[in-house]
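For reference, the structure I am asking about is given below.
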Amino acid sequence: MIGPLIALLLTFAVLSFVWRDNPLYRVAEGLFLGVALGLFAAFEVRQVLLPRIWDRLAAGPATGPAWVTTLLVVLGLALMLARRVPPLAWLGRLPVAVAVGSLAGMAAAGFARTVLVPQVGASAASLVITDSLSHERSVCLLESQPANALTNIVCSFGPYLNQLLILFAVVAGLVYFVFSRRENKGLRAVSRFGGWIVMMTLGVTLGSMAMAHFAVTIGRAQTMMETPGLAVLALAIVVLTLLYLRRDPPRAV
Amino acid sequence: MTRWLAIAALVVAVAVGLCSTRPAPRAGIAPQVTQAHAAIAELTTGDLLVLAVDFDPASVPELGPFVRLTLDIALMRGARVITVSLTPHGAMLAERFLREALASRKATYGRDAINLGFLEGRSAAVHLTGIPLQRMASRDHAGNALGDLPLAAEVSRLADAASFVVAASGAPGAFEWLLQGQGRFARKLVIATTSIDGPQLAAFHASGQISGLVAGARDVAAFADIAANDPRLRGDSDAVGHLRELAAQMRAQRWAHLALVLCLVAGQGLTLWRGRKKGAT
Amino acid sequence: MTKAGAPIVCAMVAATYWALEPVIDVARDGWLKTFAADLVVAIIAVVTLVAIAGVVAREGGKVLRRESGHLSSAIVLVAFAVTFAIGVAQGPAGDWFVWIFDYVYAPLESSLLALVAFALVDTALRRMRARSGETALIIATAAIVMLGRAPATSAAATLLTPVADWLTRVPNVAGQRVLLIGAAIAACSTLLRLLLGVERDYLGERRS
């Protein structure tokens, strides 16, 4: 009872921002920041530092390489904390450099393996007839029952035309981004087509983004409808508080 | 005034959508959703499913039913489940979903499933799934020593799982698992995501790098629809219940989208009208 | 090795290891990989804690100096202290910690994101204008995707759903590939800059 009521009060306090910025919203915002920071910090201590360092150190050298690893990790952390001591500050840059180097290396290897090779490869795959295209054709024919001459043509050539379009659109999109000087007429046309493709992609992303945010709003509304009595009570409390605060707005919040 | 009109349009649309009982127009099921369902429903007794729960509480309306259904199907098929998360809130949600699924399937924590919890390190955490489980983590989400959990002793490393399912929104999430894990670890990688990440992940599905893709509430509803009609699941899963919950959400979505498009059209009209008025004066 | 050179060499070694890891780490369960991954995990954990401490200290400063809005800062501090203390004492599966997550964190986070939907409809009515062909294309595509993916009527389902699906499967896939290839080139160029010692922003140095 208390938990759901508090949850609803906080929901309406945040949604009151739709009316305008107000002290109740700022209290809810501060509460969120504090709880989020506390949640993340507690996880770092209990789920990361404690099991990864303390448990292994406590287990002693019997754990073999893991113990040596942990000692080195502890040394890295000590270096990190050395940043607070000016003469040793340069030592503190070492762990940061390791993290930056590691993440950059991982990202480049990941992108090369997962994006560059397969995505370029998949775009070029339209030049050969692949199994997935044949599968797409049979699915199209199955969905278009009863089939006629038009659906036969659409299903037979559609998947291949789509693949060719993707290949051309990828090239055009790259031209749109890479060539800033487009003196050649042909290049200008290709670039313009690439621009349309990028705009359509942004449109799909915008539409999808709206759908995701509506889903969140609908989720909150569904929660309110689970306990309508509590929701009305919470709304009344929030509205009355806002009316009271409107008369005498606190400056400290 | 126009601002209040826009807000009222959204509130009315959501309220009407949630209160209405009119059935949704029947939409086709995308092949990537069928593939996602197949990868999970094909699990057999003893198979290991690794489920990464990497979404926030705000995404629960969209992805919650998918995770509940996936856990339900996996446990029903006799598969063993290990959940992991790249975010603290994901770990909290995974714990709740797992406990619910274990209770409804009368399965035992530690023997049939484990929640490893939060894995710090973003991309580096994904790499840790390639090393032996005992070296990767020493405790689960609740702080139990892994040595005390029988399932942990049976699994050599997470990368050997029969299926890898990622339910994620935002970062860190699906992109980290894809970039560092795809093609190296998982035999089958299924991704479920909110509508917002769907367009980007569509490119990975088109290139065959993802075994199945479920993007947004519409796809989750389609996933539940397939599960409800799958003879292998003998109508035993809770798919019908999830389907009802998602149908209400989709009705509200339809109305909300309509409200937004109407606002867009009205906005263009308003500009034209103001422009003419200005021209006339 | 000089004080300035040591971090650069560390970054180079770490970047080289991780860039070549798919090739060189033949024995995947080797201790080298465990060490390298553990090191990154521990550093990120400490960096996160240091960042959190920084925010808490800033809010604490506001309270001490009684700046405007110091009550909000005090709320941040109290909420942080309570959540952190309970989290460390009970662990993430503790009853109180779960209660805070379910009834405070989750509704606040969801409601803050729900605000975006209100901002979206407001922007659609008052600010989103098709002033050029390109913006018209963005708006039209977004409208078709929204109406097609959650169709209101059977007619919309027949007409718009296939178009919305085609837009997602064909032009969107092509556009996403262009953006992904761009991101991949950027990631590779960052790695190259690190390996050549040109990239030094992470040291707090900025070249003119």
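Here the chain labels run A, B and C in written order, and each chain numbers its own residues starting at 1.
Keep this in mind: contacts are C-beta pairs under 8 Å (C-beta built on N, C-alpha and C of every residue); 3 or more make two chains touch, one makes a residue touch a chain.
Just so it is clear, the structure is predicted and the values come from calculations on it, not from any experiment.
Among the chains present, the centre nearest to the common Cα mean is that of A. With centres computed as the average of Cα coordinates, no chain lies farther from chain C than B. Note on chain placement: the centre of chain A and the centre of chain C lie 6 Å apart, centres being C-alpha means.
Per-chain CA centroids place chain A at a distance of 13 Å from chain B. For the pair chain B and chain C, the distance between mean C-alpha positions equals 18 Å.
Within chain B, the positions touching two or more other chains are listed as 7, 10, 28, 58, 60, 88-89, 91, 117-118, 120, 122, 124, 127, 135, 141, 143, 195, 198-200, 203, 206, 216, 253, 256-257, 260. Residue positions 18, 39-40, 43-44, 46-48, 52, 66, 102-103, 106-107, 110-111, 113, 115, 119, 122, 166, 201, 204-205, 208, 210-211, 213-214, 216-217, 219 of chain A each touch two or more of the other chains. Counting partner chains per residue, chain C shows two or more touched chains at residues 21-22, 34, 40-41, 44-45, 48, 91-92, 101, 105-107, 109-110, 113-114, 117-118, 120, 139, 143, 146, 149-150, 168-169, 172-173, 176-177, 179-180. Per the touch definition, chain C reaches chain B in the complex via residues 21-22, 28-29, 33-34, 37, 40-41, 44-45, 48, 91-93, 98, 101, 105-107, 109-110, 113-114, 117-118, 120-122, 124-130, 139, 143, 146-147, 149-154, 156-157, 161, 165, 168-169, 172-173, 176-177, 179-180.
On the side of chain C, the complex with chain A involves touching residues 3-4, 6-8, 10-22, 31, 34-36, 38-50, 52, 55-56, 68-73, 75-84, 86-88, 91-92, 97, 99-118, 120, 134-135, 137-146, 149-150, 166-184, 187-188, 190-191, 194, 202-204.
On the chain A side of its complex with chain C, the touching residues are 3-4, 6-8, 10-11, 14-15, 17-18, 26-49, 52-53, 65-66, 68-70, 72-73, 76-77, 80-81, 90, 93-113, 115-116, 119-120, 122-123, 162, 165-166, 169-170, 173-174, 176-177, 194-208, 210-211, 213-214, 216-217, 219-220, 223, 250-253. Against chain A, the residues of chain B that register as touching in their complex are 7, 10, 14-15, 17-18, 28, 31, 58-62, 88-89, 91, 117-118, 120, 122-124, 127, 135, 137-139, 141, 143, 169, 178-180, 182-183, 194-196, 198-200, 203-204, 206-209, 215-217, 248-249, 252-253, 256-257, 260. On the chain A side of its complex with chain B, the touching residues are 18, 39-40, 43-44, 46-48, 51-52, 55-56, 66, 102-103, 106-107, 110-111, 113-115, 118-119, 121-122, 132, 139, 143, 166, 201, 204-205, 208-219, 221-222, 225.
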